[in-house]
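The first chain written gets the first letter, and so on, giving A, B and C; residue counts start at 1 in each chain.
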Amino acid sequence: MPDAILQAVDVTKSFGMVKAADGISVEIRAGELVGIVGANGSGKTTFLNLTTGYLKPDRGRVVFMGRDCTGLPPRVITKLGIARSFQIPQLYTNLTVLESLLLAMAAQAGKGTGCWQPLYRAEWTTEGLQTLDRFGLRPYARRPVSELPEGGRKLLDIALSFALRPKLLLMDEPTSGVSIEDKFQVMDTLMKVIDENRLTTIFVEHDMEVVQRYGRRVLAFNDGQVIADGAPDAVLADPEVRKAVLGRA
Amino acid sequence: MRTLTVIVIDGTVFAAVLFLISIGLTLIFGVLRILNIAHGGIYAFGAYLATFLALRLLGIGGSPYLTYLMLLAGPIVVGLIAGPLIERVFLQRVYGRAEAIQLLLTFSIFLILDDLMKLIWGTQPLFVSEPYTLLGEFTITGIRYSWYQVVLIGVSILFGGSLVWAVRGTRYGKIVVAVINDREISQAIGINVNRVYMVSFTLGAFCAALGGALIAPTIAVVPGFAVDATVLAFAVIAIGGMGSLEGAALGALIVGLIRAMAVHLLPEADLVVIYLVMILVLVARPQGLFGQVELRRI
Amino acid sequence: MRARLPWEGVVGAALLVAVPFVLPDWMKFIVTLAMAKFMAVLAVALFLRANQVTFGHAMFYAVGAYTVGFGVKWFGVRDVVLLLPLGAILGAAAGALIGLVMARYREVFFAMLNLAFSMMLYGALLKLYWLTAGTDGLSAGVPLFLGYAPARDHLRDFLYYATLLAVAIVIYAVYRFLASPLGFYLKAMGDNEIRIEYSGESVRRVMYLTYVLSGALAAIGGVLAAFIVGHIVPEYSFWIQSGEFVFVALLGGYASVVGPLVGSIAFEFIRTYASKYFPNEWQMVLGIIMLAIILFRPGGLWAIYEAIAARFARKESEVQGA
C-alpha cells in the first residue's frame, strides 16, 4: 500500500460567517491522480490555498511527507515538494516564456539568487526548451508571455509548477478558459507528462467529463466539506453529489 | 505642566491642519489607489491663493472681516480648477499603468506646482495676519492663545465630521465606498466610476487647499513648505492606514502631538522624530492602525 | 538583455575615451560628473525595473561623498583607490542595514520610507555641525591615485579616466547582475510576486540583495562626485537629489544599463543650459519633461534610440532583401 503523501486532518477555515473549509480530512497517497469537483464556493480553491500555505487554517493540520506543514508560507512548502498552478495563471507578463521557465528551474536548483552566472546557461536552456516542447509551447519560447493565447497561458502556468520537480502537483482548473476543442488536447498533454514522471497529482475541475475521463479518484466538495470520495464513476453517479455540484439529481 | 498644556494645544492645532490635508490624501488613495505626491503642492497653492486674495481685498479697502471669505474662496477655486484638471488631463492617462509610473506622474506635477507658485508669487514670503489677529486672544494659566486656533480646530472637526457623515450617510457617499471596496463590481452595477474618481480627487484637492488656506494666517507663506506638508501628510495616513478616514484623524493627532513635543522639547530633531515614528509604526503594523491587510485572491 | 556591445558599445566607449582630448574643460567637468552620478541613477533604475520607485537613494550617494569628506578630514586619506572601495563597502553596509526594514515594503511605502530615511540622514548631516560642518560642508581636497599626485593640468583628466574606469567596471558588473537569475527575478518581481513565492524563492531576499547592491552603486557615485565637485554638503542627501536620480533614470530609460548613462550626460547638459535660461523654473522644466516622457515616451532616450536603430535595420534589410 503506497504511503500517504499528503494528509489534511480536520482542516477548518472561516471567513466571517462563511465556513470555507469545515473539518476536511483526506489522505492522498503516492502516485494517485485525484480530481476534485464541487460547485462554486464549495471550498476547492480554498483547500488548495490551505494546503500550500497561502491561507492558515483556523484549526487542523496539514502534513506532507510526514512533516507538519501547517502555517508554513508557500515559499517553504514549495521547497518541500508541493507545486501548484492557478485558476488565473500567475505569470511574468514582461518576461519571455523561456525566461519564465528558466527562473523556475533556477529556483529548483537553489540558484535563484545567484547574481553572477547567467540565467541563460547551456544545461538549463536545453532542458527548458525540452520542457516547453512537452507542453507544446516551444514555438513561443522567445516570445513575451503576454503574447500567449489563453490555453498556452494555462499550460505555461502548469509547466512552471512542473519545472520545480515537485513530489505533489496541484492544479486549479487546468482547463478553465480553454476552448472545448482544446480541452482534451491540453489534458492529454498534461497526463502524458504526469504519467511519464509518475507525479502524484490533484486537480480541481469544473468539467465533469474531464474528471471522469482522467481522474482515478474523485473528491466531491460541498460547503467546505468532502461529501464523497471514491472512483470517478461511483462518485459522479451519486445523487447527493450530483445535486450539490450540478444542482440536480 | 505648563509645557504639557502648550504642547497639547499646539499639537491639536497642528493636528487639525494636518487632518485637513491628510483626509484629502487618504480619500484620493482610497478611491484612486494613487498616492498624490502633488498634494503638498495643492496645499501650498491654496495657502498662496487665499493669502493673495485676502491681501488684494485689503488692498482695495475691503473689510478685514471679508478675508475669511477669501480663506474659503481660495481653496474652492484651487479645488475646482486643480482637481478636474489634474485628474482628467493627467491622472486618467496612467490608470492601469505600473504604480511606479503613477507615482512619478504625481511627482512631476508636484515639481511643476512648486515652481509655478514661485513664478506667480515670487520668492518673498506672503503674509496676511488679519484673519488671525481679528479674533483676538485669550489667556489660560498665563499662556496666550488665539481664538483663531480654536476656530481652526473647530473647522477641522466640523469638516471631518461632515465628510464622515457624507461618506457613511448619503447615497453618493455609499457609492464612493463601493468604488473603494471593489472597483470592478461597482462598474458592473452601473456606477460611473470615472465620475467618482474626478469628484473624489477634486474633493481631496479642496481639502488640501483648505488646510493650506487656514494655516496661512498663522505663518508666512514661503516656497518650500509644500514638501514638508507632503511628507507629513503621508506619515499621517501611513500611520493611520491608507484609505481610512478615521485613520487620518488618529494619525493627524499622533503626528501633531509628536511634532509639538519635538518642537518644544527637542527642536533639532523635529522632522526626524516624525519619520522615526512613521517607520516604527509601519514596521510594527505595515497596514497602519486602521488599515486592512489585503490578500490577493488567487 | 541581449549583448548590445557590438558596434554601439565600441563607438560609445571610443567617444568617451576621446572626450578629454576633444572637449573644452567645462564640458569635461560635466561629463565626468554625469558619469559619477550615473552610478546612483543606475541604483534607482534597478528598482524601476521591478516597478518600484525610491525617493531616497541620495542617502547612499551622500554616504559615499561623506566617506571622502571624513576620510580627508580625519584620516588625511585622499587616495581614490582607497576611498572608492571603502565608500562602496559603506554604501553596501548602509543598504544592508536599512534594507532589513525596506525589503518588506513595496510601491508607495517603499518610495516614501526611502524618502524618510534619506531626509533623516539629511537632518543629521545638517545639524551635527561639529561632525560635518553642516551647510559649510567638507572639502574633498586634491585626490591621489595610488599615491600618485598628478600635475595640476592633468588632474582633471586623471579624474575623468578614473571615473570612466569605474563606469566600465560597474557597467560590466551590473550587466552580469541583470543577466543572472537574481536580475531576472528582480524584473519578475514587478510582474508577479505570488509566482515567485510559489517557486520557492523569497521576494524579500531579492529586494534585500538588490537594495544592498544599489547602496554600493550609489555610494561609488558619491565618492567620485565628491572628488569631482570638491565640496561635500548635506544636500547630497536631500530629496531633490533623489528626485533628480529618478528623473534621469526615466529620461535615459531604465530598461538598459546604458540608458541611465545617456540620460545622465544629457541631463547635466540640459541642466547647464537651463540654469542659464530658466534659473527659477528648473523644477518646473524637470516636471514638464518628466510628464512628457511618462505620457509619450516612457522608454526614455534609449528607447527612442533603439526605435530609430530598429527602423534603420529594417530599412536596410528591406533594401537588401529586395
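Just so we're on the same page, contacts are C-beta pairs under 8 Å (C-beta built on N, C-alpha and C of every residue); 3 or more make two chains touch, one makes a residue touch a chain.
Because the structure is a prediction, the values reported are computed rather than measured.
Participant: Taking every chain's C-alpha mean, which one sits closest to the mean of all protein C-alpha atoms?
Facilitator: C
Participant: Which chain's C-alpha centroid is most distant from that of subunit C?
Facilitator: Most distant chain from subunit C: A.
Participant: Just curious, how far off is subunit B from subunit A if you go by their C-alpha centres, in Å?
Facilitator: Subunit A and subunit B have C-alpha centres separated by 48 Å.
Participant: Taking the mean of the C-alpha atoms as each chain's centre, how many Å separate subunit A from subunit C?
Facilitator: Subunit A and subunit C have C-alpha centres separated by 43 Å.
Participant: Where the centres are mean C-alpha positions, what is the separation of subunit B from subunit C, in Å?
Facilitator: Computed value for the inter-centroid distance: 33 Å.
Participant: Specify, in ascending order, the residues of subunit B that touch 2 or more different other chains.
Facilitator: 298
Participant: Indicate the residues of subunit C shared as contacts by at least two other chains.
Facilitator: As it turns out, subunit C has residues touching two or more other chains at 190, 194.
Participant: For subunit A, which residues are shared contacts with two or more other chains?
Facilitator: Each of 90 in subunit A touches at least two other chains.
Participant: Going by the contact rule set out above, which residues of subunit B touch subunit A in the complex?
Facilitator: 295, 298
Participant: Can you check the complex and tell me which residues of subunit A touch subunit B?
Facilitator: The contact residues of subunit A facing subunit B are 45, 49, 54, 86-88, 90.
Participant: What residues on subunit C touch subunit B, complex-wise?
Facilitator: Listed in rising order, the residues are 48, 51-53, 55, 101, 104-105, 107-109, 111-113, 115-117, 119-120, 123-124, 127, 190, 194, 239, 243, 246, 250, 280-284, 286-288, 290-291, 294-295, 298.
Participant: Flag every residue of subunit A that touches subunit C in the complex, lowest number first.
Facilitator: Interface residues on the subunit A side: 52, 73-76, 78-79, 83-84, 90-95, 99-100, 102-104, 106-108, 111-120, 160-161, 164.
Participant: Would you mind writing out the residues of subunit C in touch with subunit A in their complex?
Facilitator: Spelled out, the residues of subunit C in touch with subunit A are 176-177, 179-185, 187-188, 190-192, 194-195, 197-202, 205-206, 209, 213.
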